[in-house]
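Multiple structures follow.
Shared chain: chain A. Partners: chain B in the first complex, chain C in the second.
So, the complex of A and B:
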């Protein structure tokens, strides 16, 4: 990781803090990588994902992919569209609790830890803003909406208006006018990318991009199938999913395809302790909850995290090969196919949990709420009732990126495990 | 093999059999619930039931002489029609209808040329939907009027005279004669000019909109009216649906109800043609099923959508 001088060289205190946080973050990062490498279930095929996560910084990703980077904060921006222009979508790194310290003073005390982490991480990188040709920020949750303001206040970083594009997300899914408005947004994004790249979108390129992502969806689906059988530990599934944004979709797909046989041959754990993990996303290196669940004897066989199984929608259904047809299909998949809690008419999101539960993949749901992640916090209450009505044992855990509550969480998870077995 | 490939195979086989099978002496009767047009000539291996329905629905004829075979034949054909319908429901439209395949060819051509599909908005769809019932009423109500002598004999088989199947399907037997303008009298002139206009305009619609003619097809309306008799149909498990809308996008008939339904399992709408495209596109395990009586013929799954059940990664993006 590259250390930089403080934005204000006169402020030596700030400079010291940057150095200290950078060092600690690097150490935390490496510690997590080493821990994963030393696991008994580590195989050489998994090393690719650790190598990618060892260096998820813009300069490294740019060099690895050979493509210009477009920064995104949220999966609502259709990834295939970037691919069609030959750009690499880069999800702003947001899993380290250490970097959050750099963003601590000028922000609300209780705020989304992912964005707090991201605001800190971007201060550690020299020329962070200039690493990206474009920024595409959808208006999903309030934190994402206010992100650029927080960047100015907390990190002193201002994105040039010309390279910033906001996607205004309609928060209703089942209405025709919402679908039309979202399609308009996708067209605006297309025009923005055409302007930024100096190229015109070709339907053939977009189809190629969709095919590439369909192949990625196929390997992710196979990995998910193995996960349902308990053959893929949550830390590995998350590592694989997290690494997606830091290399090309083609390389990632090939790496997952190589790793699949390693999981296929693995002994399956017993049926006890199988759970669905719902709630706020989990990003490397914040694997605290996953490791504690494992320690408590719980096996995550399914999730609906936008950092894991909902990594990208895939399954874009094409019935019209024109530009309009392809963009419409893409837009609908990213809008109606999305289960993000920021949608107002999201009542069918619960079916994503009930349906696999009926297939007896698991008997309980652990719902993680990161403090400050308001949409998931709210949804944890609205989901609990319908899930319990289906006979699922529901555990709501509120936590953050720090390790202080680990023992407390472990105790609750162990008790929950006994509850599942009862 | 994917379901789409299987469907295309069945469609092509049925096209060949129904259009040319008669040349080998094949006769599947006069009660087929699809546009198998006898105007194709001697090659037609079975006749669209609508032609029989129009020709023999004259109540005067039925009551004329109950001992005549002319009376019982239509009743037998009607029972045969009901049997065929009960067996395959709207699969006749989605899987067997030769005119349906002609429409699908035009769609494939449009897709190949990457030309944008015409969008029929829900409001337009709602406005167009009754037309097929109007045509059904027309073909059922006019013949008795002819039999009763209220209308002239020239209105015999009123729908066939304006049906695009009559003008287009014979072209596959190299017979363009039904494109001719019939100037024998004003009725024939009016009907033949209407048919010519339909024949000229409809392929344009069929090229720009998948299954465009099915929106107006009276056979689809008739099959739907008799829906309670059919044992093949589309069902939904609402609690398995996450509302992604893939079914809606895949549907050649732009059916929205399958996507929006949150309570009822019966999602066999008037426009559905049982093509199973929605089932193929649905990534929610078990959300949609094409069912034959109590047997599940094909159920939606992420595995299928991901291409893991067939050739990996090749289905959705052909």
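So, the complex of A and C:
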């Protein structure tokens, strides 16, 4: 007679929970995709971005790109470096309202909801850790600094030290020694990637990578111009931006180029209700705020979210084609040009919003704070005064990964729309 | 003269006013319950019958509040913050510069210009602390009608502070206070103080140098809350007659 070991009750409960959350997560994604496909302004050219977001998981991205994946967080690791080594940078994120439940027990009650959600989402993917050849994590906010620790505690996922590289971010931008230290960090990253790939970085390959990303930024720049005129609804701009990390830069660039004519021919909305969106990131399928803003009659014509316009640091100026010249240019672009609220000297953030090139396009600033996202929460207070002094009407909204505050948010957004007219 | 109808479909009550010119000539209120469309229509029909007016005389119907889109008979929807500003500014004779509105599940602070335009506003997040729901819960817990809160709080000792404005935790705190032998008068006074502190946190730097602070919404009928706010904010807090209808009145004015 064969004896079958009965399953461990804890394992069985865990497996049921994973099944339940996985199903809800899938349904949430599908619901959002269906909603976007059913919009009157959907065109077939936009379907590429929805397909990418339908399956942004490592296995699918690996298959789509045919490249080894490097997991990254935030925006400090120069994307062109990965490209030069033939690797695909994969940004860890999640906009799911349900996956955070898988990571809830062993984490602080109030923490970054995006990372909590990501910590849950990675548990739904079998072989998540082994999907990545390397992990490149910057020391930005406290949640990101403690991310690997949280992965271990809440998800039981321990990254091998040999495949983990931390970029130590100097939190001052306007000091020479900070710039020097950051350049050293970029060199260390280069060496790490050389070790992991078994290849030596060739300046020619890096130049090609820079050119590839310059082409991406060129199409994005055209899309952004159209956005300033109100021709690109926020849900579409965010869909396009969010999908950037889940296919090759080449494929993404071609897809944006195909989508541009659809926006170019679109009627521009009337004046009024045009705003700049600032604050915590917005990742698919968490499009709640974007949809509510649209419902309230607000048009987002610019933003500085690290999930949207700020995902793209912009083309790098190259005057020196040596390895040192190229790496220095990259280092400067990804440090000096970064407006992450974890920087101590971040006055440029205000200047970026009131920049005359943008300022003429909007009347107010909506600042979204995700509860537990402390750096943005702090900046929401320090930015309000200077922006109001510039004549911009400022609305601070605090929300979470949940749909239940939609009515409360809508009331405020509708009143803000009236306030803009006053 | 034609009449206008303003409806405020809030989370705890539906308020309706009939306005002729800029005067409120009729008002009705009913607790919010399922079937808000029919309920709102019933309020209108009842008020018209009482006033001896005919539906044909209605020039327009505007709805506001969380349920504003649930009333199919409204020709116009307006958010309750804008409606509040319109209504209270007119009722105050153009004197209001700061409005504190306490609704069933919201707490709002509005700043107005001399022309009555909103210059800034704040609203609580998804939390019932300091709202009408909070008062209702405490009323149930103390088995005391809300109408008596003002009178009872005057008799309470002044030094009790309720630490929790969270509805759930306040409940257990109040149970502990009762078990400790604190009188309900003192607890009610402490409750008003805790709500006033929460409001003060939202008002922040928004108190005007001139013009008055007005309190409206259903809980504004509670003189104990008014006194606690005056104590906390150190300014005079004015409450106009029937402050629960201000927002519905503002909705009607928006039709002009």
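Basically, the second predicted complex is superposed on the first by the 407 of 422 C-alpha atoms of A that agree within 3 Å, B and C clash if a C-alpha of one lies under 4 Å from a C-alpha of the other, contacts with A are read in each partner's own complex, and residues count from 1 in each chain.
Criterion: a residue touches a chain if its C-beta (ideal position, glycine included) is under 8 Å from a C-beta of that chain, and two chains touch if they have at least 3 such contacts.
All of these numbers come straight from a predicted model, not from anything done at the bench.
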Ask   = chain A superposed: clash or fit between chain B and chain C?
value = fit
Query = Touch check for A:359: first (chain B), second (chain C), both, or neither?
reply = first
Key: First (chain B), second (chain C), both or neither touched by A:392   = neither
Message = Under the stated touch criterion, which partner chain does A:412 make contact with: chain B (first), chain C (second), both, or neither?
response = second
Request  = Rounding in steps of 10 degrees, give the angle chain B-chain A-chain C taken between C-alpha centres.
outcome  = 120
Request  = Using the touch definition from the top, say if A:404 reaches chain B (first), chain C (second), both or neither.
outcome  = second
Ask   = Looking at the overlay, what does A:183 touch: chain B (first), chain C (second), both, or neither?
value = neither
Task = Please work out whether A:74 is in contact with chain B alone, chain C alone, both, or neither, and reply first, second, both or neither.
result = neither
Inquiry  = Applying the document's definition of touching, compare chain B and chain C: which contacts more of chain A?
reply    = B
Inquiry  = Touch test for A:422: chain B only (first), chain C only (second), both, or neither?
reply    = second
Ask   = Quick one: smallest Cα-Cα gap between chain B and chain C in the superposed arrangement, Å?
value = 25
Note = In the complex, the residues of chain A that touch chain B are 173-174, 176, 203-204, 207, 210-211, 214-215, 217-218, 220-222, 224-225, 313-325, 328-329, 332-333, 336-337, 339, 347-349, 351-352, 354-356, 358-359
Ask   = Which chain C residues qualify as touching chain A in the complex?
value = 66, 79-82, 106, 113, 117-119, 121, 123, 125-126
Ask   = Which of the residues in chain A end up touching chain C in this complex?
value = 398-400, 402, 404-405, 407-408, 411-412, 414-415, 418-419, 422
Touching residues (chain side chain B, partner chain A) in the complex = 111-112, 114-117, 121-122, 210, 238-246, 248-250, 252, 260, 262, 277, 281, 283-287, 302-303, 305-308, 312-313, 316-317
